[in-house]
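Below is one structure, written out as structure tokens, with a few remarks after it.
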């Protein structure tokens, strides 16, 4: 239990009354069209109620009229900052239904692409979080590196944001020659830059003052509200689908050496000399969620390196995509994968035709956001963007 | 200036002409200053963020970028929100801009016998600090009258912050006044003549720390860098000037850069020897009192002011923003106590080692001490009249302490 | 996914409330009677050997054939299924629960009733609001049951098979 | 006098400004405008002080009064946060009482003012040679107890040579008491905010 005695208990105050303030939907720090109604008493926010649905396109209804491969572009638009991981989730769900495993080379290709997508998504998360706390420069440094990843993706599949590259059965095309060397060069270049990000934000005294001990989420609340990904691991829950997930998903990662980034009895896995955890930081606060994302970034660099040399050593086909109008077997399947923002679940019900009967996408940011009202109770107005920013939500994924 | 014109023109025309020239110079200084600083901010932020900043507008380094911005702002429509209080909404930017400009009346740009100053106010430091406190007035009116909750928040935050940071700012500004023995900025600047060792910042460790506390409080009182709560775009959309657009908005912008410039010039005069360069070129070339000497001095002051502004910009583009209660805490728990202790330290140091400079290592130049202060004649007269005592010489502690001790004994 | 052992354990504990199970499917599920869902869920969460403390998702599927030909051939009657996906953090195993309810309770237009499990897992609060909003299942006992994705005054439940897009909404042409 | 005597022109301007805005404070209904006019009228009096060559008192006036009124404005804004432009109408009866009291005070003021010996004003020449001490030092020294400006007068019985630090302290303590009283009046018993530390 995080016993933080809150310095802000107010015994004596000038008589002011409640004010309802609208933060959003057009607000610079709500990561897209999210509307938070703040009930404030002076600077102290007594309660926030999120209103979502501004970006709702009812992708699930469209899923009932398209074959699985035709629905891949819709999964791109859910978490548009990590589109490849969404494609992967949907592709694996359909493959689980078809009981079809992609060839070994296809699996390693998928690990390379999804981990690169995780790096790109965490870079955006870090930059946007710097913006929420008022410093502009980290955002530009993050996007400078992300541009290089987008160039790599553009070479691989031609698009920069919504790729539809990983599809049911494997990928739409193999990696172009010389791509692996460029990817390796990029990784060697990115490694030292991560330490710059730490110096710029993680160990910055004002950043620590703004995030340590703010929005503390104990483990029980994290599990009870169904949060996942860095938000869950930031509260110390040792759970990562790449290790504890279902067979079809963890098959991709078997044989890879990696440790789940979570604070176990006081310290994080030490495979990179990170800055120490500051004294004010309580497990489960905004600082830890940010710190887990930064460590995962370095972990993904290592994973991509392992995947590259496994991919180059394995031969055979990279996994041709499934035929378009292939009949789906009867039955229903649910599979969750570890997307950068949390566990992205896809649920497909089919009654034997080529078009599924019902499609459902369980979004991680949807559950992560449902914790926000609980965390923002009686914080200051300046803390609301800090807490909502630390949950790293994307509205496309929440509203589907 | 007025007397000079008086020889050729009727007196009333002479003095109005002199006044107009002064006002014209000051307005140009701030306007052109703002022009340069906005361009400088874009270039510095560009460099810090690994990009180029403006490069194409009007020539090689995009130096006309701000003019282009100005043109855009001029042509933009001046909106006013529907529920706004018209009169206050329109007048707020001009109150803020006016306050930030009037601070320049009492700021000298070159000292010596013919100081380049619009109006030599005897209590220069006190006047500048008082007027800087007025700038927050325009902000409050803007926040209140634009009828939107967000700007009200921004205005309240700014009011709380600036009003509370005036206290440590005033205390830090008092330390150089104590060293120089007068509040007149020209006198304070003159006391720091000679090598950089005579600058007040190096006078004693207490003043050294006071400079840094002063700079923090100055950054906070002009609402910049980690303390820019009022226009915190990530929380309050754009704070108090959310509803402003076009020319009115640019007045707020100019007011901010104007007061940033005036606060940095004040810092340079109080602590960094104002118009005296690190090496006393003017006195080495024996052009001390002449026009050329003053010109060198003026360049010195402008350079140091721009340096201060550049540092504020550099800090802004690296550090995240503080929360409102942390800003208040830094003011009450850190800046004010440190300023008080440093004030005590400076006073005791001055009492213990009266004639020393540069952390007590070098002797203060004798010339520094015959303070051309009218009152000391009166004080000396008082001393002779009340009780015959040895004359005030360079060795004895500063006149303040002398009279104090004398009058106690005498009274 | 040790399905069979769960079914026996639950049947032995709740008997009548467990109305069926399907173990051949890739993700086997257990069907629970609507009135017993809260009891079963609390037991599943608190029982140390099961410890399903993580609720992945609560969703619903509408089973109705629009054209008569398929309706005649289909082997099931039109009905609604509310699907619960659970997961246990300690034992790392998952389970699927289903609640079968008629498409409309009574005459068409009145939503079927299912007790809400928002009390058991707080995450179910938003999931059930989405189910209510998109498919139209009324969760009794839900703290704040109102639409979450569609606008407050939207008519109809989009993910129902027999749903038609409204002609216009506040002046915006629908069809 | 063919030549305009500028100091008196500015004196009239500042005087008119101060009194004009003071009256405006009475007439306006909107609390924020009232406070704004109050600030302008006090700024005009600061102008008067600068005109009289007393920079220190002028700057003091600017800092304390105009800054102080700023805090009053904030309080005014906070108290009226319910409807933004609360307007305080003065009924007819109040006008009568107000005018009566105002006239009485004005009459008293005029008598006191005219009893000052050199009220008729000094001609330009006499003003020129009056040596106005252009520094704040006499006030500062007076504050510390050494009345430097009364050095030349002979030591008469009624001229008290002590400084006016004591009066200054009394006024500031008084203001402090008023401030605490205002805060106490506006206090609200609020139970400590329920902060979930679970």
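Here the chain labels run A, B, C and D in written order, and each chain numbers its own residues starting at 1.
We take it that a contact is a pair of C-beta atoms (placed from the backbone, for glycine too) under 8 Å apart; a residue touches a chain by one contact, two chains touch by 3 or more.
The structure presented is a predicted model; accordingly, all values stated were derived computationally and were not measured.
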Query: Tell me, which chains sit next to both chain B and chain C?
result: A
Query: Which chain maximises the distance between its CA centroid and that of chain C?
result: D
Task: Go ahead and note the Å separation of the Cα centroids belonging to chain C and chain D.
output: 73
- prompt: In angstrom, rounded to a whole number, how far apart do the mean CA points of chain A and chain C lie?
  reply: 27
Query: How many angstrom between the C-alpha centroids of chain B and chain A?
result: 48
Field: Centre-of-Cα separation between chain D and chain A, whole angstrom
entry: 61
Statement: Listed in rising order, chain A residues that touch 2 or more other chains are 8, 19
Statement: Check: chain D positions touching at least 2 other chains come out as 78, 81
Field: Residue numbers of chain C (touch at least two other chains)
entry: none
Query: Where on chain D does chain B make contact in their complex?
result: 3-4, 6, 30, 32-33, 36, 39, 55-56, 58-60, 62-63, 66-67, 70-71, 73-74, 77-78, 81, 84-85, 133-138, 141, 144-146, 148-149, 151, 161
Task: Note which residues of chain C are touching chain A in the complex, please.
output: 25-27, 53-57, 59, 61-62, 83, 85, 89, 92, 94, 96, 121-123, 125-126, 134, 147-151, 158-159
- prompt: Considering the complex alone, what residue numbers of chain A touch chain C?
  reply: 52-53, 56, 58, 60-61, 96-97, 99, 221, 223-226, 237, 239, 244, 246, 331-334, 336, 343, 345, 347, 349, 357-358, 360, 362, 366-367, 370, 399-400
Statement: Counting only contacts in the complex, chain B reaches chain D at residues 11-12, 15, 83, 85, 87-88, 121-123, 126-127, 129-131, 133-134, 136-137, 140-141, 144-145, 147, 152, 156, 159-160, 163, 166, 182-184, 373-375, 378-379, 381-382, 385, 403-404, 407, 411
Message: Considering only the defined contacts, which chain A positions touch chain B in the complex?
response: 8, 19, 21-22, 27-29, 43, 130-137, 140-141, 144, 200-201, 204, 206-207, 209-210, 380-385
